[in-house]
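So, here come the structures, one by one.
Two complexes follow with subunit A in common, the first pairing it with subunit B and the second with subunit C.
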Partner chain A sequence: MMELKEIQRLEGHTDKVWSLAWNPTTGHAGIPLVFASCSGDKTVRIWEQNLSSGLWACTAVLDETHTRTVRSCAWSPSGKLLATASFDATTAIWENVGGDFECVSTLEGHENEVKCVSWNAAGTLLATCSRDKSVWIWEVLPGNEFECVSVLQGHSQDVKMVKWHPTEDILFSCSYDNSVKVWADEGDSDDWQCVQTLGEPNNGHTSTVWALSFNVSGDKMVTCSDDLTLKVWETESVGTQSGGGFAPWTHLCTLSGYHDRTIFSVHWSREGIFASGAADNAIRLFVDDNESQVGGPLYKLLLKKEKAHDMDINSVQWSPGEKPVLASASDDGTIKVWELTSY
Partner chain B sequence: MTLGLINANPVVHAKKERIARSDDPHADDAVDPLDIYDILFFFSFSLLPLPTQLTVEILDLALTNFVRDIRDPEHPYSLEQLSVLSEESISVDDKLGRILITFTPTVQHCSMATVIGLCLRVKLKHYFPPHYKVDIKVSPGSHANEESVNKQLNDKERVAAALENPNLRQLVDECLYSNEL
Partner chain C sequence: MSEKFSAALRIGDLNDYIAPSQACIVSLKGLKKNDKPEVSIANKQVNFEPVKISLKDCLACSGCVTSAETVMLEKQSLDEFLNNINSGKAVIVSLSPQSRASIAVHFGISPIQAFKKLTRFFKSLGVKAVFDTSCSRDLTLVESCVEFITRYRQNQLVDDERSKSSLPMIASACPGWICYAEKQLGSFVLPYISSVKSPQQTVGAIIKNYVCQELGLRPEEVYHVTVMPCYDKKLEAARDDFVFQFESHVEGLESEINMISEVDSVLTTGEVLELIQSKEVDFKSLEETPLDKILTNINEEGYLYGVHGSSGGYAETIFRYAAKTLFGRQIDDPLTFRNIRNSDFQEVTLEVEGKTVLKFALCYGFRNLQNIVRKLKNGKCDYHFLEIMACPSGCLNGGGQIKPNSGQSPKELSQLLESVYMENVLVASPFDNPIIKGLYDKWLEQPGSVKARRYMHTQYHPVEKSITSQLHNW
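Up next, the complex of A and B:
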């Protein structure tokens, strides 16, 4: 039997904790695990693990820059930059300078709240999305400069999340309009286009799509929604088409009946387990159902952690490192770190 | 500016007499629908004249243009008197920790439906244990944009963002505190 065991409960934020992000360059070769969290208290906190005790402590508070809720945070692949998206309509870029974080750039342009920010795998592109229904793609230039190379229109409502594919420069966005849109650069000069829409007509969600996550190889994706379901999608031949066209995504299965309230977050680990965080205060883990009969369900519930938090769970993220831990962020103002153990 | 009243002739209902209730039947931590109703009973609502095309976009910054009219309420009646809320509007599931509030906008196209929902949410926020979940909906058949309004009222991210908008927050606070006893 598997169990999700609480390692630590972290306090410090004075309002909802909306999101958290692990620094991808930590957790290896004796480097302590580090993550950032962001909150309705307008701050971002940096948490670093003490290698002796295995516990996390807050090592920095990034404040007095954003004037409203910080909704999302994302580390660059190099781990040197942190991007934060805020309801103040800006995205701030922070650089770690000898342990201190300095705001080195502020990206403006969205008409209202910025909901999410995401770096591509190479760290050369940054995407942001907003309640203004648009998705912006920024090119990362030398000297911490950022240039907007494309403003993508297509969603008919609030865009909740953007996420780059783990290996290809393909961008995914999910929205209050119940759809996930796939964007690719159709030419060689920043001609970004919507190449596919995963909406209700093709087995898509029936209410707001809040988040999505890819498996380690990038050929499967899981999405979560206000319609209380998780959906798994797949594509063919990721990376094997030399200069070929975009490979479309198809619906694989829908996991329904497991969640009581809105699912705000989903994250797929390198080991193949995906975690969901929901408004019923529970964390659930799902895994391949290898014993499934032909035509049977493809994924099964591994475990459910009831009352993981006192209030809604807004974000669940597996850490990097050889033995990943799971961190969760909640409306109760806390972050919890969990390990998956057998008993 | 002088805009036409959204609802010129509201039907005003007599207030129901309050019946005293014994404390015995209720466990200490149970939530009684009548307690919720009593909290809302003293909640006075000011209807502002707003163009109906703002019905769904009520959360946008366009409210700035209308905030100055806030001191000239359309109807200084409580939600009960306008039959927006009644005792039957509130259902509580203590076992699951769920509260459902159903309200009836005073006219089908009332552009204030989302503001009413925001006011209800703010008013209730500190009265219950944090694990209680509150859903707010317009009464079935009572609003032309029912599905859209319900989705917006229960998107907690948009609610949080709306309450950080100082103009909209001021409007909500005015509604909540203007006639509080």
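Up next, the complex of A and C:
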């Protein structure tokens, strides 16, 4: 049997914790695991693991830059930069300078709340999305400069999340308009285009899509929604296309009946387990159902952690490193770190 | 919300979400608010007209307009246009060269053929005259050239940082850009924007202030419609800055104050096509009628003339004028614009003795606009002039233009429009335009004069966001 065991409960934020992000360059070769968390208290906190005790402590508080809720944070692939998206309509870029974080750039242009920020795999592009229904793509230039590459309009409502594909420069966005849109820079045109929309007509969600995540190879994606379902999508031949066009995504299966309230977050680990965080305060883990009969469900519930938090869970994220741990962020103002163990 | 408006407007302006407790702050034009309650004890029953908040008032506000209102805006003009013809007003149409090119491409004819057929079409509906905004654009260009020289010289003279902020001068012809600048950018960017009116408003000012007088018409008897490539021009026409007070004297009656709009309504190219189709007119077979020459760039030999640059030619025209006036460099060859990041962001420079003395850019589309704005804010913008247009590819690609045929890509249509735009059109400096010269001689006196500033220049106003619209948090 598997169990999700609480390693630590982290306090410090004075308002709900919206999101957290693991520094992808930590957790290997003796480097302690580091993650950032962001909150309604307008701050971002940096948490670093003590290798002796295995526990996390807050090593920095990034404040007095954002004037409203910080809704999302994301590390660049190099781990040197941290991007934070705020309800103050800006995205701040922080650079780690000898343990201190300095705001080196502020990206403006969204008309109102920025909901999410995401780096592509190479760290050359940054995407942001907003309640103004737009998705912006920025190019990362030398000297911590950023340049607006494209302003994408296609969603008809608030865009909740943007996420780059793990290996391709393809961007995914999900929205209050119940759809997931796929964006690519098709060679012919001079700009980014929506190349696919995963909406209700093709087995998409029937309510707000809050988050999405890819498996390690990038050929499967899981999305979560207000409609109380998780949906898994797949595509063919990721990375093996030789100059061919975009490979479309198709619906694989829907996981329904497991959640009682809105699912706010979903994240797929390198080991193939995906975690969901929901408004019912629970964390659920799902895994391939290898014993599935023909036509049976492809994924099964591995476990459910009731009362993981006292309030809504806004974000769940698997860590990098040889032995991943799971971190969760909640409306109760705390972050918890979990270990998946067997007994 | 409507997809027809430019990106700058869609992002910066129209929003389906109405914030709680959003108080209406729209001022009632021409009607001053009376805070004191009035109690009438008169025996007579008095019928008061209800005060109406019009769509244009809402669109100018930063508040609660939703996309439903934009549908109203899109639909109102065509019906209003036809109603005014039937009401006996003298209807005048001013046609933009971009719309002319779009219609020419659609029907596979030349711009001048399109112009003459459109003139026949409009007159068959009862329109009195059809003019050309290429003509008023030349006036806009002349005033812009003079304004740029003034700013440049001031910039060179004064060393303190505040006065240097008059450069770069930014073109003012794009209403999507103006609306965005006022609402989203505010005070920091407005001083950079040229104060010269756009060709649409310039032709309106000429017609309502000067042509009416020449023709013995009262401005309120004239209904002026423009045909434009984008929907945002409807917003421009509705600005308070472009409404003026005219006092008319009717014999035997007391003088009454009338509020006169320079442009009473705007039709997009697509709406005109819709009108042609609804009248079941065989447009290609339509007879070509002679053009009204009062405000039309057509020479004695029957050729259209104008400047290079399908979005108005501001950067190119001002560049040539500045090179000649400031540095004695007569440039007759085509200017070499260099792509900076994409084809919608190009620049041209003039070097004198190894030093760059003029640096101008074409900056089209919302993404490029954002990058320019970032540089302006960071103090890293070293351009002297910016021709900013909100639409990718510029005005020929405005949201109101006729859409590509099936099988035709937007890019192909864009390229075709570019080639047709200057087909059989002679290139001529706006300073050589005899109509413009005549307007200065008889009315405006000289470029940059007090009178020219009064009729041909305007102002911009930062829009303050209400506090309630910024309170939500989710």
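The criterion applied here is as follows: the second predicted complex is superposed on the first by the 340 of 343 C-alpha atoms of A that agree within 3 Å, B and C clash if a C-alpha of one lies under 4 Å from a C-alpha of the other, contacts with A are read in each partner's own complex, and residues count from 1 in each chain.
To be clear about the criterion, a residue touches a chain if its C-beta (ideal position, glycine included) is under 8 Å from a C-beta of that chain, and two chains touch if they have at least 3 such contacts.
Predicted model only: the values in this text are computed from it and were never measured.
Of the two partner chains placed around the shared chain by superposition, neither subunit B nor subunit C is touched by A:251. In the superposed model, A:68 lies in contact with both subunit B and subunit C.
In the overlay built on the shared chain, the residue A:109 is in contact with subunit C alone; subunit B does not reach it. When the two structures are aligned on the shared chain, A:208 is found in touch with subunit B, with no touch to subunit C. Touch criterion met: A:332 reaches subunit B, while subunit C stays clear of it. When both complexes are overlaid on chain A, the residue A:87 reaches subunit B and subunit C alike.
In the superposed pair of complexes, A:312 makes contact with subunit B only, with no contact to subunit C. With both structures placed on the common chain, the touch criterion links A:304 to neither subunit B nor subunit C.
Across the two superposed structures, the residue set of subunit A contacted by subunit B and also by subunit C is 40, 68-69, 87, 113, 131.
Across the complex, subunit A is touched by residues 7, 10-12, 15, 17, 184, 341-344, 366-368, 370-371, 373-374, 377, 392, 411, 473-474 of subunit C. Listed in rising order, the residues of subunit A touching subunit C in the complex are 40, 68-69, 87, 108-111, 113, 131-132, 134, 146-151, 153, 188-191. Subunit B meets subunit A in the complex at residues 60-61, 96, 130-131, 133, 151, 155-158, 160-161, 164.
Residue ranges on subunit A touching subunit B, taken from their complex, read 16, 40, 68-69, 71, 87, 112-113, 115, 131, 158, 160, 176, 207-208, 226, 260-261, 279-281, 310-312, 331-332.
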